[in-house]
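You will see two complexes here that share subunit A, one where it goes with subunit B and one where it goes with subunit C.
Now for the complex of A and B:
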């Protein structure tokens, strides 16, 4: 670690991992509710567990992105962070606000939460992923602004690199697009149309810039390949992201009341969205093959390669299978969507955050460039357990989705009702829950890897 | 990538390409917003429909159901429930009202929300309005 202020990333990473654990526990609760409908009913209804699961995911990924920025921006800028104090203050504000929100979800009925937080004044609640009370949303904006200010000031006073610039554009886009979460008209069609400006333009737009720049940073550090080469790749990848992904928003405008020309536009452009993900895979493997040094942190390199492959599979391949409008007509809002959502979020964003944590944490814990061999081997186990079980979760949900579409949406008058079709495919939900338990075991192994082999030294290359 | 293709060329493609497609997207969005009144029948969004949407949101119905294919996949699609229930608001109201507080053992359960009569009417009216949006004939059949 080259700059003292990079240390502020540490609490961000620790909080991220803690919230990740809670996210998975609520995933397992829901997985059980899928097959044992009365589990924890009425104490924790499914919709409550789902909000907790998805909101924790988003919040811990944001902690991860912020931690990543605080770590890599000073190093790229070759200067100390503008204000480590501000970074630490925002950490506590964000953590407390997040925790209070989750407690609110669990402690009182959602309608009560809406009432006591004044949803009447500016109704923004009750939409998927944007369930947070309006005051929490305002809090998020304040934290985001403070964070952006801190990062931008650091970038401005130091060396300007492409990695920093792309990261800053991505983070700014993230904050700006979130403002659309405050737009909630009475007209459901308009509401839905602009809801996607937050959700789609995040994960298939600006977040990919954040992903790309973190990946580029880790590859520069671990492979020693010339920065010029890596930054050129980064530009081409994010260019393709925005060229395909912006109009690609159209793949959500097929059946929500928006005009029908989106069926062609959305299909054509979103069908090209896998290209930047594929380039990311080629990029990562190419750079690692051309490496000029053997970095002792082998597991960080493994995470980086894993991100490149799994993001392509989850977003690229699983996105493509249901993105053409004639296919989406049948798969829209089915378990196929859930299958894709899981592997895409895991492969792209969970894994990139775990990559930077894996790379940065040993140094922040005063262990030179890498953890001991013992600790790394254990972390590699957790990599495989989580990644393989996520592949199985995706496959089981895909099977469930194909059957669901077949039973419920084809076959004319003989088509089954939603609830009857769900019972017929319960086996696959049980299998998904089993894979989910393996995922949790992988996560426990991951955390355990932080506590083993502290005394031993890493092999140096 | 080969040496002839430089970093500054890549950067220009990024800025130029992004700016171009952001512009196209804004133009298309503008056109869409202008075309919507024909399709969403906004003249029928009464204060009651608006209240219904608020009831829908403040009870987080989207946390279990899909609405026009978006939301959660735990419980049935409701964009066309008005049609599935025989074009009857009373059937919708009756269903919501009659959910047992403790649920049915072993089954997936919908909570009892204790809505007022006004709220029940409103949410049913909202679902009726939703079923009339021109959504390119989705879903494929009445089961949603």
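Now for the complex of A and C:
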């Protein structure tokens, strides 16, 4: 580790992993509720478990992105972080606000939470993924502003690199687009339309810039390939991301009351969204093949390759499956969407955060460049357990989704009702739950890998 | 990636270097590697062309099923503006070719001048297209008017944005060329920008007959 202030990333990474565990536990609860509807009712109803599962994902990924930025920006800028104290203060504010919000979700009914947090003063609650009380949203904005200020000041005083520039654009976009969560028009069409400006333009827009820059950073460090080569690819990838992704928002505008031309624009542009992900796969493997050194942190390289492949499969291929409007007419909001959501979030964003943690954590814990061999082998086990089980979760949900669409939407007069169709596909929900348990085991192995082999002689770079 | 040349390409290179006069050259032989410019831009061009190709295919099918509608509204377009813009872009591509040739002889100032010329023509294109859009919008025509205009506006506007992007790339390269950032032996940047600009031109050469001319 070259700069002392990079250490502020450590609490962010630890919090991210902690919240990750909680997210998976709620995922398992929910998965069971699909087949045992009254499991943990009325303490944790399905809608609450779902809200906690998705909100925790977003919050821990944000912790991961912030940790990644605090780690890589000083190193790229070749200067200490502008204010490590501010970074630590924001960490605690964000953690406490996030924890209180989750406790709020679990402790009181959602309507009560809305009432006690003064939602009627500035109504922003009640929309999927943006369920946070208005006061939490304001907190997120304050944290984001402080964070951006800290990062931008560091970038401004130090060396300017493409990685930093792309990361900063991504983070700024993330903060700016979040402001649309405060816009809550009465017109439901407009409400949905701008809601996607947060949700879609985050995950299929600016988050991809963050993903690209973190991946580029890790590849520069682990492969020793010229920065110019990697940066060039980064430019091409982000240009393609934005060209396809921005108008690609149209694939959410098929059935919400927006004009008909979105059928065309949404289909064509989102059908091309896999291209930047494919480029990312080619890019990562190309750089690793051209590596000039064998970096001792093999597991970080494994995570980087995994990100490139799984992001393409999950976000690219599984997104494409149901993105064309004639297909989406049948599949909209089915388990196929859930399948895509799981593999895309895992492949693109979970894995990139685990990549940077895997790369940075050993150094922040005082090891030369990598964990001991024993620890790395264990982490590789966790990689395969989590990744393979996620593939199975995706496949089972896809099977469930195809059956659901067939039984519920394609039978004409003989089509089954929602709940009857759900019963018919219960087997796949059980299988998914089983794969989910394996995922949790993988996650436990991952955490355990931090605590083994500490005494073994750490390898040097 | 593609570092080694096939015999055919080497022969092409030899032919190229034979046909150019030797005067004015500052340094060593022309280094025209294939593909010209950076490999990354070619991957980008391929990706971009795929997007356009998909749009063209969807256009073809939609037109096939709505022939009368498309014919009727195509006739309302100002094909003179389209023609002017076609000539503008072809000329600008020629300017870019001259710019590449100039830098191959190490003449950076001339290269920069040709590039600025191409950028000016790009501006002219935007202006003509802008007047056309202005005309449509003043008649209340928009994306929702009918299927033809959905395609016409989205296709041409998507291309319009590419002209702007191409001009940004050309500007960066023109400025660097003006500062003496390229020479006869190292001018990958110029070739990269030129390749992208030719793509923008090429797409228009398909777009123009497709949208304005074809009956």
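Rule of thumb we're sticking to: the second predicted complex is superposed on the first by the 457 of 461 C-alpha atoms of A that agree within 3 Å, B and C clash if a C-alpha of one lies under 4 Å from a C-alpha of the other, contacts with A are read in each partner's own complex, and residues count from 1 in each chain.
One rule holds in what follows: a residue touches a chain if its C-beta (ideal position, glycine included) is under 8 Å from a C-beta of that chain, and two chains touch if they have at least 3 such contacts.
Not measured: the values here are computed from a predicted model.
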| item | value |
| --- | --- |
| Touching partner for A:37 - first (subunit B), second (subunit C), both, neither | first |
| Touching partner for A:264 - first (subunit B), second (subunit C), both, neither | second |
| Which of subunit B and subunit C A:232 touches, first, second, both or neither | both |
| Contacts of A:334 with subunit B and subunit C, given as first, second, both or neither | first |
| Partner chain in contact with A:92 - subunit B first, subunit C second, else both or neither | neither |
| When both partners are placed on the shared chain, which of subunit B and subunit C touches more of subunit A | B |
| Partner chain in contact with A:384 - subunit B first, subunit C second, else both or neither | neither |
| First, second, both or neither for A:279, with subunit B first and subunit C second | second |
| Common interface residues of subunit A - those touching subunit B in one complex and subunit C in the other | 232-233, 235-236, 239, 243, 247, 259-260, 265 |
| Complex contacts: residues of subunit A adjacent to subunit B | 30, 33-34, 36-38, 41-42, 45-48, 50-51, 110-111, 114-115, 119, 123, 125-128, 131, 162, 184, 186-190, 192-193, 228-229, 231-233, 235-236, 238-239, 242-243, 246-247, 249, 253-260, 262-263, 265, 329-330, 332-335, 337-338, 408-410, 412, 415-419, 421-422 |
| Touching residues on subunit A, where the partner in the complex is subunit C | 232-233, 235-236, 239-240, 243-244, 247, 259-261, 264-265, 267-269, 271-272, 275-276, 279, 282, 286 |
| For the subunit B and subunit A complex, residues of the former touching the latter | 1, 5-7, 10-11, 13-14, 17-18, 21-22, 24-25, 28-29, 31-33, 35-36, 39-40, 42, 45, 49-50, 53-54, 56-64, 66-77, 101-109, 111-113, 130, 133-136, 138-144 |
| Complex contact set, residues of subunit C against subunit A | 1, 38, 40-41, 43-44, 47-48, 50-51, 54-55, 58, 143-144, 150-151, 154, 158 |
